[in-house]
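Next up, some structures in structure tokens.
Two complexes come next, and they have one chain in common, chain A, joined by chain B in the first and chain C in the second.
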Partner chain A sequence: MTKPLRLLAASALVLAAGLAPAWAQRTDVTVAMQLEPPHLDPTGGAAGAIDSVLYSNVFEGLTRFTESGEIVPGLAESWEISEDGLTYTFRLREDVTFHDGTAMDASDVKFTLDRARAEDSTNAQKQLFASIESVEVVDPRTVQVKLAQQDGMFLFNMAWGDAVIVAPESIGEIKSQPIGTGPFRFVEWVQGDRIEIARYEDYWGEAPALAEATFKFISDPTAAFSAMMAEDIDAFMAFPAPENLPQFEADPRFQVLIGSTEGETILSTNNAQPPLDDRRVRKAIAHAIDRQAIIDGAMFGYGTPIGTHFAPHNPAYVDLTEMSAHDPERARQLLADAGYADGFTTTLKLPPPSYARRGGEIVAAQLRAVGIETEITNLEWAQWLEEVFTNKNYGLTIVSHTEPMDIGIYARPDYYFQYDNPEFQALMEELNRTTDPDTRTEMLQQAQRIIAEDYVNGYLFQLAMTSVAKSGLRGLWANAPTQAVDLTGVYWED
Partner chain B sequence: MLRYTLKRMASLAVSLAVASLVIFLVVEVAPGDPAAFMLGINAQPETVAALRAELGLDVPKWQRYLDWVGGMLTGDFGTSYTYRTPVADMIADRLQVSLPLALYALALSTLLAFPAGIYAAARRGKAGDLAVMGATQLGVAVPNFWFAMMLVLLFSINLGWFSAGGFPGWEEGLWAGMKALTLPAIALALPQAAILARVMRSSLIDILGEDFMRTARAKGLTRRQALWRHGVRNALIPVLTIIGLQFAFLLAGAIIIEQVFYLPGLGRLIFQSISARDLIVVESVVMLLVFAVIVVNFLVDLAYAAVDPRLRSRT
Partner chain C sequence: MSLAEREPAPTPAAARRQALPRSLWIGAALSVVFVAAAALSFIWTPYPVDGMDIPARLQPPSWAHPLGTDHFGRDILSMIMVGARTSIAVALLAVGIGMVVGVPLGLAAAARKGGFLDEIIMRANDLIFAFPAIVIAILITAVFGASAVNAIIAIGIFNIPVFARLTRGGALSLWQREFILAARVAGKSATRISAEHILPNVANLLIVQGTIQFSLGILAEAGLSYVGLGAQPPTPSWGRMLADAQTMVSLAPHVALIPGLAIVLTVLGLNLMGDGLRDLLDPKVRKART
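After this line comes the complex of A and B, so read on.
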């Protein structure tokens, strides 16, 4: 910038600052994300963007996640679990109202749970409610949930965005006019551009520091960079261009937040398709892969290597990365043992995210080094869902499984991995019935070992969450225990 | 003139009918299911089936085609699968951005191109002409998204005069809306202006060589008078064709510029709907664009007749 321009810019800044009283703390924030929610009903769709905007801001569940992934009371202030573990009695908080002014009581909880588990339910995580047998209203502040079998995950499940409490009065319009019980109420959605929320004055809990918040949707990585640099936005959650992060780190106007997500990024393998149905072949693939090279090359160093399908920040995690250490010699030997000394050819179908497209090229090169040729096809999500996920027409693919605690998908033989191990399925069933924390941890660790030993998939890395924010912004979640941009604790510092 | 108009309208109706069928087939043939997309990778098959039934996707395709066409004839564009709002409302919202943007860019491009083209033609072969032609060559060659990023770098990041993108909405005032559309309009207009200036120049040069121009000079008009009175008007026909095509392109083709400036326009709506397999939105928006292109061409045809009386008498 030339000197006169600099002066001009500076005076413009002074002018702009002069318009707002200098002593007042900012109470608004503009947060950008890449994807726009398709609609605003967390209980009726899988799109993570829905939860990002609404979870714990507009909607709350009986329990909720904290930033570290712990489960704490939400709309239920306490609960009792019967001796046999089959009856949960929730005590609801007092004076909770929906944003339309109606009271939130036990009948709303019953409505929510019954709707989610109904025959014609379109809840994307219907399995969360599978163990519920009946829901009874005891009195307006007490609700009793009876389970068909013990469910060690029940309180965890109730914290998901798909289990937030909704009201029968407002359910009809929820997709465009969401009405919840959270500290912020929905104001406006300009489709394609932004969603605005504002502080709800009659909130039952502690009032948030922010009075207004705007979510902006910027899908193009270059545009994301420009918007942040021009300070049009205050924060960008899950910034899409990791190559630009060093530039933000070096700039005193910004801070870079690095956290973990629930996204296990894996080289999913079709366990029913020869030659991938041979454990030795899958093991060879695992040893052919150099995880750190993928993290460095595709993710610019952000990501934690994993050796099984489990989040490393979870206390029950076991580090099994050694079982699939990078060892091309060993991989070639295993292929020879399996009868593929000359290698073979398979498909590698890649969805759009950069971890898959960039990671896929690196994986392909690593596999080629041990004699496995891959035919790479790039797919859009809708195609991927149909070809790979539904029709299971693939050999290998790379995808990040972002649902929390989702090791249970390995117990579904019809899932797209087509992994069918009765021992694992029995273990998961037993786990679901177990409520004792120590026993559960042991079982989870055993589960991690089984799928690591079977080399079901190539376990690559835990997806990192890298966000950029202005340096004065405090209280944003760096981690993503669920896809949420919880603004309740966000404030501006001088 | 009436027969000419009627004939054009009949061909317009046939084009629309064929277009609707082609659009429907192409969109429906593409793999992917909106319900599966909405429910993600943890959903169970029966949940997807329940959603398909709720969205009305379980009826035969031919019936959905007839419902769609029938609906459009009565002004009902259907309801979006993902957004669950009427498609007509969504299109109306997006047109508030796309239509002004297209008109703004078209106005800029015309304002730039006319003087440049006329000037170059009048100075044919001289330094002025070479300079203008060099500039238009560059304008045609530079990709508009790159140019857009350069504009953002200079005017938003370095100078801070404009936002890097976004659209505040017309309720914030005419000035705020126009300001938000200025950089995108410039980025869109520049390559269009370059093309238009070249067409204007060559068309005018052709006209300048015509006999009637010599006659005009012979009856005593100065070069300049002859150029303006007889030259420019006759050179307009090919220019109008290009303007018509450009308008249609600007309305639908701004998709990359809309991405760069994250504007909530029609292009982004189509892009999002395709990736979410929101079939009904894709079909209706594309149909609307086809309609717009056909109508614009129709108007251009009528405009030919207005500038060239020979076309009127001949048909």
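After this line comes the complex of A and C, so read on.
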């Protein structure tokens, strides 16, 4: 073979090798996110990253969330609710197996629910199971749950990642070797780098289009930008630097998905710490804040202003932003009425996300304009959880509360807001017992008004879900009704 | 002290002026610019340094904002001026701590050469020296919280062994000299000799090293602020300006470029000045040049 010929043959080979995968439909995806899960047990940890990787992919519950936040059947194909609303009878799907080959039946459901509500349970959302009185196995495909009191949220609660069905056979190793019933099985976790999952061939439902998926963890926003630009990853869920999104939008290689999360981003206030225990002072803070400036400055315009602790995309939401409209003059007056004409100094402790760090600097500047000085401290998540969330040693902080329908936290006086209002607590108890949708909506709206009128916290904005993906990737969730990166419907378009 | 006791200066004054190193001039000029900017910021900045104007964010340099605006619409020139103040204050105090603690330790160690005190002081210094500066700084700020004061202490502690070693090294050779021997024969105590004879003769070394440490201090402050352990917002700091600008580089390069240049030029200026001063003051270099 002459030299040019050899070269030609070689380049033809290279060309063929390079083109071959493009002819076939791609069936793998690499999805990046910022935080890595601390372990892989969704029923035993509060970290949202656990659900992001495993929810709907590896683990499934009796019911499940859709992208729009609707509750649809999961492992239970149907259910009956007794007249008094106290007995739920779930009919389980047929031929459901765990990834280790064992069958999923009613005894696994009983095991899961009993484990989650046990005295020594480490479930991060134990209140989801609080209304359960007993769980009984009727036959392998039927399970009966008796409630101690009516619970209008029960089916909703069962859709959470904290309520997914686990098996007693595999529970011991769940933190490193999660075994569920989902369309993907866990393959490998390279700590500090990635988690790999692959299609489970014996899945009971429709097989996913993807054969393999990799979750990569990239915490640094600059690295996230580079990885996306270099196409090392196919998608970045909840992209951390909103300022870079216009560049992705302008680039035909990428698409930007903008949706909503359940994250109410609030200026959390320590209601037990003087002078913040004075409603007038909190009201002054609310009027000192210019929400639009924060959304523009910290989030580059992505976010919806909120006036209470409720998601604007929820039908029961009431727009109360007018109650805390930007009015520095009024804020100064309120401070003077409360006896702080010369202002005061408090602490502002900020966790790492940019909405908090940048938002905090803007809030500090806005508060300074009405005479309130803040001492800013930037904290890592672990420090924040200890100092602010657990020890309540703070004046103000900024954080996004991403759990869906979490207005109930205001009924917990020991929660880090330290807000103690018996009227609100009674309303929440009443709400838990109510199943009629219209009455529930009314009560939820009343609850929104109470906390807005008490100016418990500064209500800033609903966190937007901004993800970046390659333009051919379809089926990713744009919204985040719960923390999940559901890959079951994801596919590549030609 | 009397002149007779000092190191004799062989070069005539005229020759010395002629030999003034160019690096000293460039370095001093750069340093003066930043010190002047910092000093001016006490009485005047073009805009209030915490004045946010979000609609006017990320503007390139213009007549209204000579160095542009950052991601909150703050005037970068004003922030650089006040940031210079933060850098200079932190670095200066840190060098101060290093000198005030390190120099007496070095003098004491040299006076008791080979003794118990010498061993203790120098081994303790070795211990601190063994840790990279940034690790000490992170340790201190992690334990006591992130603030400018803790950054000063952290950088200051790292400076102690530098000055202690330098002083001891310089002092050891002096202790062998005739004029020190004369002072000892005259009955002066070791403490007095150290203060009256040794210290003035190592002052040259200390000034040169002080300039170098000062520039390292500015670098360290920028580094600590960059990782969020230095001065906390809203106090402007060059390091934090860089960190904030990180994700904006592709959008508005000047936001990262300007604080970066400020750090580079200041450190360069101080290093050139340190080099120049060494050429000017160090007797060994001076002899080699003449």
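Quick notes
To be clear about the criterion, the second predicted complex is superposed on the first by the 473 of 494 C-alpha atoms of A that agree within 3 Å, B and C clash if a C-alpha of one lies under 4 Å from a C-alpha of the other, contacts with A are read in each partner's own complex, and residues count from 1 in each chain.
Keep in mind that, in the parts below, a contact is a pair of C-beta atoms (placed from the backbone, for glycine too) under 8 Å apart; a residue touches a chain by one contact, two chains touch by 3 or more.
Since the structure is predicted, the reported quantities are computational estimates derived from the model, not experimental observations.
In this superposed model built on chain A, chain B and chain C occupy separate space and fit side by side.
In the overlay built on the shared chain, the residue A:125 is in contact with chain B alone; chain C does not reach it. By the touch criterion defined above, A:193 lies against chain B but remains apart from chain C after alignment on the C-alpha atoms of chain A. Applying the stated contact rule after C-alpha superposition, one finds that A:134 touches neither chain B nor chain C.
In the superposed model, A:222 makes contact with both chain B and chain C. Applying the stated contact rule after C-alpha superposition, one finds that A:78 touches neither chain B nor chain C. By the document's definition of touching, neither partner reaches A:149: not chain B, not chain C. With both complexes superposed, B is the one of chain B and chain C in contact with more chain A residues. Of the two partner chains, neither chain B nor chain C is touched by A:177. Touch criterion met: A:297 reaches chain C, while chain B stays clear of it. When the two complexes are laid on top of each other via chain A, the two nearest Cα atoms from chain B and chain C are 6 angstrom apart. Shared interface residues of chain A, touching chain B in one complex and chain C in the other, are 222. Chain B makes touch with chain A in their complex at residues 30-34, 36-45, 47, 50-51, 53-54, 82-85, 90, 93-94, 149, 152-153, 156-160, 163-167, 169, 259-265, 268-269, 272, 275-277.
Of all residues in chain A, those touching chain B in their complex are 1, 5, 8-9, 12-13, 36, 38-39, 45-47, 119-127, 175-176, 190-194, 216-220, 222-223, 226-227, 229-230, 232, 380-383, 385-387, 389-390, 399, 401, 403, 406, 409, 414, 416.
Contact residues of chain A toward chain C in the complex are 221-222, 225, 241, 243-244, 247, 293, 296-297, 358, 360-362, 364-365, 368, 375-378.
Taken together, the chain C residues at the contact with chain A in this complex read 50, 52, 54-55, 57, 71-73, 145-146, 228, 232-234, 246-251.
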